[in-house]
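A, B and C are the chain letters, set down in written order, and residue numbers restart from 1 in every chain.
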């Protein structure tokens, strides 16, 4: 590699100014200034609007676009004419419902997904291909197809399932399992069978090989998938809307949507900010737990690589 | 070392769950699309037995999908939005993914965290952010006016009203779609670009290829899987999107096929039409999905893992 | 016969043949007739019978009242109300004062909850599918026959509802529910145009055809909206062309009305929604199709500041010129507190309660004898500029234009038309 770098300056002096400039700009081996610009430009474009939304949740005024000063009233006011995030029954209820669904979703979808991942990764028999396809399909199903199908299912076939929290939860879990599988499976491939084979050589029974060798090695992926499922569930809109039973099963995204179609107020920005902070905190917690479980491993891949590389 | 039945057994709960709560509902949609409507309550009555299927609703919908009829117009508009958004995501996302994967050394972790950040921010909140920016008096609107971009877009005909981005503007809808879906495009692409071995690129350079040719003949093909994966991951859900346009536009002139499904399902005498449109949409997407799976399967056999 | 109508008529006929519903055959006949595309409206057909809708119930019109059969016996008189637990009301969101509900809950020792629906048709669908099981539900006259035919609402025992004497005489036995067997009225309203005088330069009431303002609204691009209602949008386009039968099932008329609506995309980037009570006072919309109570609700509850109140206007078309309608309350079949449900209906007809709901929150007036527009204005409860948002008994005579029940084929026709409008094509 140092050879290539050492050669480059010698080449440059053979060319004229324009050619050198073009070379520098388009030089895949040199400093890609143009790419740096695009990348940081994109990052700014992706993040700044959200910061503006957070800013306006503190706006002393009803507008979402004209700044009138700083206030906490949209979060904490007990004045009945102001629907504040922490005191309004609707907004507060939406927060609780979102968190409830997300937590239950993680608790149920992650175990199912881990077992499914193990099974799919190592199953070589008939049906494994079809099961794999079945698992991948929810990842790319448009949410409206999901919403429509579950609505029909619960109103025509499985009528004993009440709409509201139960139906929403079942829907969330169904579309979270695949994410768990893809992440855990990636980690499984990374680990490989060698550790368990070593354990077997050392005399471990299959059960303890699984429990004492494989499971701890899988922990980082399990934690990563838990964080992802949590975020997905909190963010879910279509399924929560289609399977809701009314005011007491509204989630935060549904609330935000209803408000944006009418007149969004700074309290709408407020509830979005609160849910975002909760999600970020849970992700940070997840990262810390992940780091704990991967202590001692070579930092070849970061947590993000695990997440980013999911199955595609 | 492990008993052979262990792995299918491990997969069983998940498979059963997906069969009952994912596959069966899809059949329910099919059954409703070929079903009937209760004349008193105007609720849909699915026909579970394929022998009882009533093709009237489906043929009605197919008729509406002929060029010149309304579903065709909505479908064409949806495809237009999706393809333009995909192009936008590629144009913006590929350079970003490429830079982070291959060039950012010191700042790589920071950049990755920033790239992953939108995942943790609710999609609705990111759309809401644009309402903040593009409402009258908002920072975004003022920026666009001050830099003259607004009037440029207006004169080129991309916007029909430079003061009003939030009603009936295709531009805003496409912008929102790109903004909403691009993080899901960048990360798989990044992962695929990250995996490309530097030595292959160096080999190309050693053989005398210019940077552009190296990119075109080596990097791009090697990232094909990631590119395709990212494209599939965003276009398939985008086809069914209906809430983005409702939030940033709210006008019929920007409605997508998802809005038509939504309309027929929320009250009224014809939920079967909504089901039929859903079935056709799902079939179309399944074809795309199968194409993707076969390409990836072929590609994964060409490149050693 | 238009091919589309033929397909739909066939599917319904197949179902009817299989279920052998003789009572439903009348509705299928009217459906076929509608499908044959007669140019006259099907409110009278050549066979001499009145067209029927769901369950063979004749379509009710102000000049053709309908008595609904009781599908079960009403509850017995003289029982005590049930207390404790939750009492659920199924309604549009923000359509009843929370204070009123709280007082009711306190009086009878129950927790009152509101389950909202997006619109009344979605609401009835949810009731039918068992998705929700409320105690009382809001209802509109055009859907009441379906609710009754589908046994979703219970027949009333009027002994529990003495306050019915407070309502306008025309509502004691309305055209859609003679003898008030299933419903009591809640609010009355008309459909007109809401606008802001600081933004809209035209004097809408003095225009030759005020509905035409939308077709001339180029200056208000992006700030106009129509109601997101199948019936209201198409009816408006019909009335603009002086077609007074807003229950027509003539495909030619409906499709032409839809074509006219589609012109609005390019003229003023028309939007659709039901939130004008918020968007107009907040200056997000300037010109909206609206119901008469919307600007009053805006004035009572959604004003960003006092000055905005003076800028709001509502054009009320008037008797026989524009659509009028009413909402009603029914007791749901799923209620576990039938006596309390009856008492709730009675409670909502109490003069004090209804007046408080109206001026403190709702903006939609109840059809009670004690509430007169003149007194409201003189007592400065409602501002002068919105005095015409209040209706009187005269507005509801036999020549009134109402969006009445349709046959299933008619409903499909209108829904398809609305879908065409919503497609933006």
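Just so it is clear, contacts are C-beta pairs under 8 Å (C-beta built on N, C-alpha and C of every residue); 3 or more make two chains touch, one makes a residue touch a chain.
This structure is a prediction, so every number in the text was calculated from the model and none was measured.
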Most centrally placed chain - per-chain CA mean versus overall CA mean: B
Selected pair, greater C-beta contact count between A-B and B-C: A-B
Intercentroid distance (Cα basis), chain C paired with chain A, Å: 43
Intercentroid distance (Cα basis), chain C paired with chain B, Å: 38
Intercentroid distance (Cα basis), chain B paired with chain A, Å: 16
Touching two or more other chains - residue numbers and ranges from chain B: 43, 250
Residues within chain C bordering two or more other chains: 129, 273
Numbers and ranges of chain A residues touching at least 2 other chains: 155-156, 261
Complex interface listing, chain B residues touching chain A: 1-4, 6-15, 17-19, 21-26, 28-29, 32, 43-44, 46, 92-93, 95-96, 98-100, 103-104, 109, 111-133, 135-141, 179, 182-183, 187-188, 190-192, 194, 198, 201-202, 205-206, 211-212, 214-215, 225-226, 229-230, 232-233, 236-243, 246-247, 250, 258, 261-262, 265, 274-275, 278, 281-282, 285, 289, 293, 305
Complex contact set, residues of chain C against chain B: 3-4, 7-8, 10-12, 14-16, 21, 24, 27, 54-55, 118-125, 128-129, 146, 149-150, 152, 221-223, 225, 230, 265, 269-273, 408, 411-412, 415-416, 418-425
In the complex, chain A residues that touch chain C: 62, 155-156, 159, 163, 245-248, 258, 261-263
Partner chain C, residues of chain B touching it in the complex: 36-43, 45, 54, 56-57, 59-60, 63, 70-71, 73-74, 77, 160-161, 163-164, 166-169, 249-255, 259-260, 263-264, 266-271
Complex contact set, residues of chain A against chain B: 1, 4, 26-29, 32, 34-36, 38-39, 42-43, 45-47, 49-50, 52-53, 56, 63-66, 112-113, 115-116, 118-125, 127-128, 131, 133-146, 148-153, 155-157, 170-171, 173-174, 177, 181, 189, 196-197, 200, 206, 209-210, 228, 231, 234-235, 237-238, 252-253, 256-257, 260-261, 264, 268-269, 272-273, 275-276, 279-280, 283, 302, 304-305, 307-310, 312
